[in-house]
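By letter and in written order, the chains are A, B, C and D; residue numbering begins at 1 in each of them.
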Amino acid sequence: MTEFLLAVGAFVLATVALGLIRVLRGPADADRMMAPQLLGTGGIAALLLLGAATGMPGAIDVALTLTLLAAFASVAFVKGASEPAEPEPDEGGGG
Amino acid sequence: MSLLLDIFTVVAVSLGAVFFLAGAVGLLRFPDTLTRLHALTKADNVGLGLIVLGLLPQTERPLAAVKLIVAWLLVQLASGTVSQLIARTARRTEPPA
Amino acid sequence: MTFALAFDCGLAVLILAMAIWTIAARTTFPAVVGFVAYGLLLTLVWMRLAAPDVALTEAAIGGGLTGVLLLGATSRLRATEPPAVSERPSVPFRLAVAGLCTLLSAAIAAVVLLLPDPAPTLAPEAAAKLSLTGVGNAVTAVLLAYRALDTLLESAVLLLALVGVWSLAPDRFWGGAPRSLALRHRDGSLSLLGQVLPPIGIVLGVYIVWVGADAPGGKFQGATIIGAMWVLTMMAGLQTPPEISQAWVRVILVAGAAFFLAVGIAGFWLAGAFLAYPTGFAKSLIVAIEVALTLSVAATLGLLVAGPPARPVRT
Amino acid sequence: MTGATLFGLCAAVLVGLGLYGAIVHHLILRRIVAFNLLGAGAFLLFGVVARRGTGAGMGGDPVPQALVITGIVVAFSATALAVALLLRLHAVRAAEDADR
C-alpha cells in the first residue's frame, strides 16, 4: 500500500507538472494563473498521499494550511488585473 | 474486511489520479480560457474528492478523517471562488473570440 | 525505497524547471507566477526532508503572503515595465556571470557530496534537555528555549522591517492608513470566501500554535495563517487596513516582543540568567510567550503586506 | 544516492540560478524575485544538513530546522521592505516626470 500511494502521489505531481506548461504558453495572464491553481490542488493531493504512505506527522496539517492559502495568489492576481497601474486616488472602501 | 477497504482505496485513489490527468490535459488542450477553467475545476473537485475518499479508510484516528474532509471542503470553496474571479477577469480583459 | 527516490527525483526536476523559468521568463508576471509555483513545490520538499515545521512555515509564507506581495507589486509596476529585450546586458557579460554562478553551484555541490559521514548532529543534545522545558516538539524547544535570543531578535527584526516600510510614507500621510487592499469592484463570491474562510483559518492557526508545543506547529506557522486570514478579509473588502497611529495597533504590534523581553529580564532574578526560565515554569512561560508573539507576528505580517500609509489621518 | 543528497545538489543549482538572475536582470522586481530564489536554495541546504543529522528518534536535526523557520520569516519581512522601497522609488520618479 505504501508504494502504491507514493506512486500515485508521484503520478499526480507529474500530471500537474504537465499543466505547468500553461504558465509558459499563456497567452493571457488568466491562463498562466490557472497552472499554480492546479498545482496547489495537486500539491495538496500529493501531500495527503505522502502523509498516508509514510505516516509522517503533520502532513495533513500542512495540507490544510495549503488549502487555506490556495486562493491567495489568484485573488492577488485578480486584484492586480482589475485595476489600472497608476497610483490611485484614495478610496473609502467598505467597512 | 481490511482487504476490501484496501481495494476501495486503490480504486478511488486511482480514479482521482485519472481526473487530475484529465484536468491537466484539458488545461493544455482546450482552446480558450473559459473551457480551460472548466477542465481545471474537474481536477479540483472530483480528483481531490476521490483521493480524499480513498484515503479515508487508511486513517488511524477519527480526527485525521475529519481533517481530510475539511481539506476537501475548503478546496471546494476556494476553487469555486477563484474560478469565478478568474473567469470574470478573463472576460473583462480579453474580448470574446 | 525506490518509489520514494523516484518521487524525490520528479520533485527536484520540477523545482529546477520552475526556477529556470522564473529566472529566464521575458516579462515579470510569468516569472512571479513561476515563483509562486516554486514556493508550493518547496513545501513538498520540506515534507520529504522530514521537516514538517518548516513545511508549515513555507506553505503559509512562500505559497501565500510572498505571492500576494510580489503579484501586487507586479501589477502596480506593469505600466512602467520596459520591453524585455531593450535593457538586456551584453552576451559576454551574461556568459561571464553564468560561468561564475556555475562555479559557485559546483562548489556547493562538492560540499554537499563531501559532507562528513556520519553527519554531526545536535539532535541527541536537543532531545536530552527536552524534558526540562516540558515541550515535546524539539523545534519549538530550540526556538523558545535553547536559542530564545534568536527568536527575540527576530521579533525585533520584524518590527524594524515594519517601521522601515512605514517610514516610506509621504509626510502628509504619516499616521494614516495603508492603501485599501480590496478589489475595485466588490465581488459577491469573494465576500463569501472572506466571511467563511477566516473563522476556519483562525481555528486552524490557533490549533497549530497550540499543538506546536508537542507536535509540528508553533507560533510563526500559526501566526502566518492568522495574518493571512486578516489579509484575506481586507482583500474581500470586509475590513480596511487600520490607521497606523492608533494606540491599539501599536500595542498589538509590540506586545509579543515586549512580553518576551520582560520574561527574559525577569530571568535574571528568577533563574539567574537572561532568558532563563525558572524550573517547573518553562512550559507555561513558553506557551504564554507563544500566544503573545502569535498575535504580534500575525499583525506585523498583515501590515507588512498592506504597505506604507497612503491616506491622511482622518480627524 | 539518497533523497537528501539529491535535494542538496538541487539546492546548489538553485543558489547559482538565483545569483545569476540577481546580477543579470535589469528590473529591480526581478532581482528581488531572483534573490528570494537564491535564499530558498540556501534554506534548502540547511534542510539537507538537518535531514542528514537524524538522531534521538527525530527525523532531522532540530537546530538547523529552527534556524530555517526564523530565516523564512525574516526573508519575508526583508522582501516586504524591498518591495515597499521599490514602489516608493517609482512613485517619486513618476512625480518628478510629471513636474518636468
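Quick notes
Keep this in mind: a residue touches a chain if its C-beta (ideal position, glycine included) is under 8 Å from a C-beta of that chain, and two chains touch if they have at least 3 such contacts.
The structure presented is a predicted model; accordingly, all values stated were derived computationally and were not measured.
By C-beta pair count, the most extensively touching chains are C-D.
Taking the mean of C-alpha positions as each chain's centre, the chain lying farthest from the centre of subunit C is B.
Subunit B and subunit D, compared by their mean Cα positions, are separated by 31 Å. Chain geometry summary: the mean Cα position of subunit A and that of subunit D are 20 Å apart.
Centroid to centroid, with C-alpha atoms defining each point, subunit C and subunit D lie 11 Å apart.
Looking at subunit D, one finds that residues 59, 94 touch two or more other chains. The residues of subunit B that reach two or more other chains are 70, 74, 78, 81, 85, 88, listed in rising order. Each of the following residues of subunit A touches two or more other chains: 29, 33, 35, 56, 61, 64, 68, 71, 75, 77-78, 81-82, 87.
Across the complex, subunit B meets subunit A through its residues 6, 9-10, 13-14, 16-17, 20-21, 23-25, 27-28, 33, 36-37, 40, 43-44, 47-48, 51-52, 55, 58-59, 64, 67-68, 70-71, 74-75, 78-79, 81-82, 85-86, 88-90, 92-94. Within the complex formed with subunit B, the subunit A residues making contact are 1, 4-5, 8, 11-12, 15-16, 18-19, 21-22, 28-31, 33-35, 37-38, 41-42, 44-45, 48-49, 52, 60-61, 63-64, 67-68, 70-71, 74-75, 77-78, 81-82. The residues of subunit B lying in touch with subunit C in their complex are 70, 74, 77-78, 80-81, 84-85, 88. Every residue of subunit C that touches subunit D in the complex is listed here, in rising order: 4-5, 8-9, 12, 15-16, 19-20, 22-23, 28, 31-32, 35, 38-39, 42, 45-46, 48-51, 53-54, 57-58, 61-62, 65-66, 69-70, 73-74, 76-77, 80-82, 87-89, 93-94, 97-98, 100-102, 104-106, 108-109, 111-113, 115, 119-124, 126-128, 138-139, 141-143, 146-147, 150-151, 154, 157-158, 161-162, 164-165, 168, 218, 220-221, 224, 297, 300-301, 304-305, 307-308. Every residue of subunit C that touches subunit B in the complex is listed here, in rising order: 187, 189-190, 192-193, 196-197, 200.
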